[in-house]
């Protein structure tokens, strides 16, 4: 029994040391995918058909195929392309962490863009018209009227997608990255204590996800104007003159 | 170019037969795991909605864990864990060791277990979306629970649930690629082997992507029409 | 003249939600052909009482009988009443029907299917016969032209008329109405009330929770005023709307009279 506990302890310590790798992949691809998704969303409402076509193709391609296949394509496929193999980019493409991040950025940006697109369509037309009616246009309208609503609407699905991404980071282990799953597999190969190792790994993932979803739910609460307790601020006795 | 066509053809050096077989196996694994997921998902949803306290909590924990842990980890756990479990069981009971569980079964089971967690949420939400008055109107007319389920719940749940189930199916289809790690030669594994032995990864992964796209597009079209049919009464 | 037999006998019905006693012992008997209007302020327990009558709500105390069949209520080991036999409860409900404030039509079935559902599936009656009855009922409520429509397409008044046809399709001994016109536009109220009036004239036994004073006064054979979970006063409309009515009921009426 005591020996068993020691084993679990040492396994957990080994796994915890792999947590930064998992978090690094998650953070890099999460940020990049969100930025890319914003661009894709903008393309999806563009006037000319070409950007719209690109966005549609991107979504079709990356949502319709397994992420693991995309990772393999990038990691094994690009290694066979001569100008990459012998070019400057090789330093990046030989690195499995980079390849995972690249694949996840492409794949998840497609999902996130769809979330943003849905939220954009759900922003009440009246709000936008009210903005237009008082003379707002372009970026101002986007920043002050559309974006706040859009973010509020998109946040629950976005949180979901982030959780999905956390889980997807485990695919890095299939191309030799020693993230949580990778280390777990390594330990198992040496010890055969399958269940203990996997339970410890599962617990770590659950912990990461619980933390993330708590943070995102808190953010959701902050932004929820319907529920937020609005203090009845007294109207200042003198209003600043409109300039 | 000629080279590529030979590799993808049906000739002695061609991979077409194996790739097509891989496609079928992918479909079979996905369908099996979907079925496992639906059966278990309905049970879990029932447990969450109407089960006694301990069962409700168990179902809740099941959902949280299976939706929060990477699918790959679940597959690996079953693939590595089941044999040792079976081995220790057969030792305790003095059975003859039955050997390794077939990868097909392990694969479908692990994807199915995850699928069940998602499907349970969908079914629960679907039943929750039906206004209470619908049940009351039925009960007030003497419907039994079973009849109420069959005539009132099922048709309406089908409408809410079909698009979401379509999503789960897409995820099943893509998750089935992870089963490649168990050595089952479904589409992903076949393309991996082909890529490795011919040293044409771009070609074979590209073909595999195209085949996955065909599978996902066809099935999403099917779900779209299924959804429209089950939804015919909702178009004002 | 012989007194018609009772269709419903409810004795000393009590019901609390948490600490709040909503029904503090209500007894009511409805004889064949009677139309009983239940009036009372909002929150006085009218709906709860009605829902106890067909066991949508299980009372804490009391007895209910439809005709001479007792509702299957027994005490469990904690001393609370519960439905001891779900099938018997369902059988009892087949003798009654209910019309809801929110219609509660089944949205996935057409108008005709809504009306035919219970007689076909619960009562397992012959299909042709059910179809004929359903068609004539839809004719009767003025909805014959809409038999193939789904409820979503109909106005509130139309939905409620279909719901009434659905309630009548099993030929119940007793029809319970819970504020059937409260969710309707003023013009629609009239068409539904006219229909209910014609049912009353036909001799249907009905218990109607309503805020339509004219209906209560002109159509019902008895008016019951609920207050704080009790029957505050009751009697024939001539009495209840006359000078000798109880002060509490007069007070209840006065805002309506203004």
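For this structure, a couple of remarks:
Order of writing sets the labels: A, B and C. Residues in every chain begin at 1.
Heads up, the rule we're going with is that a residue touches a chain if its C-beta (ideal position, glycine included) is under 8 Å from a C-beta of that chain, and two chains touch if they have at least 3 such contacts.
Model, not experiment: these values are computed from the prediction.
With centres computed as the average of Cα coordinates, no chain lies farther from chain B than C. Relative to the centroid of all protein Cα atoms, the closest per-chain Cα centroid is that of B. In this assembly, the C-alpha centroid of chain A lies 23 Å from the C-alpha centroid of chain B.
Averaging Cα coordinates per chain places chain B and chain C 47 Å apart.
Centres computed as Cα averages put chain A at a distance of 55 Å from chain C.
In chain C, no residue touches two or more other chains.
Residues of chain B that touch chain C in their complex: 131, 133-134, 136-145, 147, 151-152, 155-156, 159, 233-234, 236.
Note for the complex: chain B touches chain A at residues 64-65, 67-73, 76-77, 80-81, 84-85, 170, 173-175, 177-178, 180-181, 188, 191-192, 195, 199-202, 205-206, 208-209, 212-213, 216-217. Residue ranges of chain A in contact with chain B, taken from their complex: 60-61, 63-70, 72-73, 76-77, 79-81, 163, 166-171, 173-174, 181, 184-185, 188, 192, 194-195, 198, 201-202, 205-206, 209-210.
Residues 54, 56, 86-87, 90-94, 96-98, 100, 102-110, 117-118, 121-122, 150, 152-153, 163, 166-167, 170, 176 of chain C are the ones that touch chain B when the two sit in their complex.
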